[in-house]
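Note that chain A is present in both complexes that follow, paired respectively with chain B and with chain C.
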Partner chain A sequence: MRPVLGIAGYVLREAASRKFILAFMVGITLVLAVVAVSLRLEVIDGALAASRLFGKELRGNIQSIDVALRPVYQAAAFIVFYGGILFGIVACSDFAPGLMSPGRIEHLLALPIQRWHLLAGTFLGVMTLALGGTLYGTTGLVLIFGVKAGYWTVGPLVAGLMACVGFAAVYAVMLTTATLVRSAALCAASGFAFMVGGIIAGHRQDISTFFEEGLSRSAFLAVTLVLPRLSALAEAAGDIASSTPLEVRSLGTLLLGVFVFGLGALAVGFWRFEGKDY
Partner chain B sequence: MTVTDSTPAIEVTNLSKTYRRAFRKTGTVALRGMDLSVPQGSAFGLIGPNGAGKTTFIKSILGIVQPTEGAVRVLGGSPEDARIRARIGYLPERLHLPHAWTPTAFLATVGRLKGLAPDPAGNLRLLERVGLSDAVGRKIGGYSKGMRQRLGLAAALIGKPDLLVLDEPTDGIDPMGRMEVRRILQEEVQRGTTLFLNSHLLAETERVCDRVAILADGRVLREGRLDELVRGASRWLARFAPGVSVEALTQAGFVQGRADGVYHVDAGDPAVLNVALDRARAAGALLVELRRDGMDLESVLLGTVGAGASRVEVAA
Partner chain C sequence: MEKRQKRRVWLVMAALLFVVAALLMFLGQGEEKGPAALEVDFPRRMRAPDRERAERRRTQVLPTVAPTDSGTAAEPSRPRDPLLAALPRGPGKTAVIIEANALRHSPIGGLLLDCLMRDGGKQLEEFRQKSGVDPLQDLDRLVVTDEGMMLSGNFENARFKDLLGERVSANYGEGARVYEAGESSVTNPDGTTVKRRDTSAIATWNNQLLVVGKSPDEVKAAIDRVEGRGPDEPPAISESSTYGEMYGVLSVEMIARLFPPEQAALAQRLRDVAQNVELHLDASSDVALVAEVKGPSADDVTDLGKSLGAALSLARIKAQAGEDKDLAQLLDFAKVKPDGDSFTLEMAVPLAVIQERLAFCREERRAAEGGRAPETGTQAGVEQAPAPAR
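Presenting the complex of A and B:
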């Protein structure tokens, strides 16, 4: 396990030196700081009586604080889910191709580590980065609204973790792509394609009605069957963040499907990497 | 298996490597049934023209490239074994270093990946040894090519490896730096480390290595002790004191050389050599120096590769 952690540390150190990622962290901090400074909530007996943003009153009905914050948390969950995955695709697309670049991969493979350590460490490093960024943003949001409104919930944190699960499946595809083609652009493209595919897969039953019955519909359903249902996962994350009943039938099955897909994609990458010459 | 001193540091038998590409029937043949044995504790140089298969060979003995055929044993084991690779220090041809890191962070990471305990003081000593003590606080991105090579060498030296595999270690390093690198490599060999050097700089190989293999077209054409390879088989160089008669020496079988008083003679047998010398002395020539007429490594390489020799000649 030590080599895996070592490679993960290598990836994280690389990430820490990227201005793009540092700028993103600064951006999250600024957004949280602006929300913390500019938003004022007046909560009386557990109900939101008034709210001001930049000193300007936001009109709305007096309602229970948990109900009032639902759309906020739901929107935040969607932003974290899709925005986080998109940012992750762009920001992390060159980690694996970078490690596999000529002059670096030879040096790494000559060290006393197994090849799978290298991929597992890269995956772990990127996921640690994604998890850290997500928890930083969502914890900040929960803390701000908790302090201002006196309403504490772990929903946004759980939603953030679900976004990380979705990103894990997408990054597994990107990592596998890197073992096939040493290109950051293709890694990002594959990640983006699978994200779009995952969004479509989440609505596959609704979309399938646009196809004529028969071969085309069956083909569409067959292709989307194996894709992770990211949009369904995002909706479930939104429901959990806003503490509303889940619309998906089984969250466990949904997560299992995404997990199995990610594991399958990683298995292909590990198999390819083991036999590849550099 | 018990590893003894007689176990070669590197031993390859019938090593072949063909790079195959998808959707193509034929591949690129890099190594064609190569046999080579590198004794432990030796300083071994691999030389050959571009495309000879030198880098592929190095990658094969490190497990970076999977051989198509043949057997590879390094330090008595398989290069696939991480415990074996832990005893190897490697400097690739074009080492790509993380630009935003400091050299100490890089060495610490390499040490950690080698499974070694953190040793910041040891890393600083290594940086000092390779001549980077003044640049410890700088980021690697600001290093010159030569400085990066030195850092790569420091990384290869981490953990006092039993086998050092260096691919163009002095590439980009200035002449003074090359001398320092040479000194470090000689110190390592004296310590008992086996050195495997691949360098285009033949003078470098000549100064550092005691054994050399010439690789061309994926085959070892010649291999042996350096002094044996560069030594002329039957040609001798004789220097006579000034005032000698050229005609008399020519009659004795000597051919005038470029420098004053220098003559060459072909004598495969000591008796033939002494007969020639006796004739020269009888003509009044005074011998002041006699040695085998050796070639430099470049001549050996050109002679071997140019001849297109397909046979493997083991000189020692």
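Presenting the complex of A and C:
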């Protein structure tokens, strides 16, 4: 396990040196700071009576604070989920190709570690990065609304963690792509393609009705059966963030399924990496 | 060779993981759609069926006034709804219309009917035979006002003379008959008799309207309004506000009386701030209520809206803490929408909650009817207006 952690630390140090990632963290901080400073909420007996953004009164309903904040938390969950995955695809696409670049890969392979440790460490490092960013953003959001409205919920935090599971599946595919072609652009493209596929897979039953009954519909259903159901996970994250009833049958099973898909994709990467000549 | 075998393990493991993942995701998401989120359709404006209904009710055409001295012919008056014309005029009046026929054919109407007929419908049948009126078929609308009550529908078969035997009746206006109560002798327990005079009066108009008032003057005033002899002010409820299964305007005093004693301060604020309250209740599926409160001062009305919103929020928190899930669910939909010098209060009761609460009525009715399944009449939710009287 130590070699894996070592590589993860190496990836994190690499990320810390990148201005892009730092700019992202500063960006999250700024957004949270602006929301904290500019948003004023008037709460009377647990009801959101008025809200002001940049001193301008927002027209809204007077209702229980948790009900009023539902759309805010739901929107935040979707932004964290899809925005986080998109940012992760762009920001992390060249980690693996960079690690496998000529000169560096020879140095890494010379270390007393197994090849799969290298990939697993990269995956762990990137996931730590994603988890840190998500927790930082969602905790900030929960703290701001908790202090301003007096309504505390861990819903957005849980939704953020679910977004990380979704990103794990996508990044595993990107990492495996890097073992096939050493290109950051293609890694990002594969991640993006799987993200779109994951959105489709979450709505496979609805979309399947657009296919004619028979071979085409069966083929569509067969392909989307294996893809990670990202949109279903995103909607469940939205439901959890807004404390509304879940639409999925079993969230735990779905989460586990998406994560296991990521492990499967990673196993393909291990298989490919083990047999590659550098 | 060993390295190749080791590699193959990863591939086999990947295949296995993909199969397990597909299975887990299939089971986790479920192929059937989950129950849709509970949504309530609030009556916020007139919809196409409401407009059609209002149009169908414009059956009364007032006679055209004779040409003026200048020789210009007077414009023919537009057809209008006689019941709306009969409503009291001027601000501060109470007039609530209950669409009895539409309500009776709504899901909630079926439940209420079960409660009304818990005796197996004996009382209803008795009334039907005595009066010649079948409330379930002949009654269209029921209006409650400050002055009394009005009923509209088809009263062609009504036996008013049998029903109101002791009353003195006389024709009034063009199509009305007013029944005034005369003096009646009442024997006391000690054997003495006293004469009492009941001041209430009833009027019928063209077998379509039945007006019940506190005095003959009040019912005559209502008939005057129907026949175009009333004041020129608009009626308490305009045609554009005739949507929902129950609607109307309520005086602030009446609304304030509905508040529980612990909300006396809020009731007093309502009296101080609001001018009138317009109410719309939709019972076509769930029961949804929209009340618009207006007042002269925008700031005071906004503050009142905030207090009301806070009271509802507090009630919801109490319901959640007391594990009264039904009430908490009902208050989930409660909200106040401020809009300058008015605000709208929205509340809803999911049909399932009412069904559960009124289930005992159906059981009692079934027991009274000897185990027969209660007749639900026509299909729920389909309004069947009574045939208009000719």
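We take it that the second predicted complex is superposed on the first by the 278 of 278 C-alpha atoms of A that agree within 3 Å, B and C clash if a C-alpha of one lies under 4 Å from a C-alpha of the other, contacts with A are read in each partner's own complex, and residues count from 1 in each chain.
Basically, a residue touches a chain if its C-beta (ideal position, glycine included) is under 8 Å from a C-beta of that chain, and two chains touch if they have at least 3 such contacts.
Here the structure is a predicted model, which means the values were calculated and not measured.
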item	value
Clash or fit, chain B versus chain C on superposed chain A	fit
Chain B versus chain C as contact partner of A:275, first or second or both or neither	both
First, second, both or neither for A:106, with chain B first and chain C second	first
Which superposed partner A:56 touches (first chain B, second chain C, both, neither)	neither
First, second, both or neither for A:263, with chain B first and chain C second	second
Touching partner for A:6 - first (chain B), second (chain C), both, neither	first
Partner chain(s) touched by A:253 [first = chain B, second = chain C, both, neither]	second
Superposed model, chain A: greater residue contact from chain B or chain C	C
Smallest separation of CA atoms, chain C relative to chain B, angstrom	9
Doubly contacted chain A residues - partners chain C and chain B	275
Parts of chain C lying in touch with chain A, wherever the complex brings them together	3-4, 6-8, 10-11, 13-18, 20-31, 33-35, 37, 305-314, 316-317, 331-332, 334-338, 343
Touching residues (chain side chain A, partner chain B) in the complex	2-3, 6-7, 9-10, 13-14, 17, 101-114, 275, 277-278
Chain A-facing residues of chain B, complex	19, 59, 62-66, 82-83, 85-86, 88, 90, 92-101, 105, 109-110, 112-115, 152, 155, 165
Contact footprint of chain C on chain A as seen in their complex	44-47, 49-50, 59, 61-65, 67, 116, 201-202, 205, 225-226, 228-229, 232, 244-258, 260-261, 263-265, 267-268, 270-271, 274-275
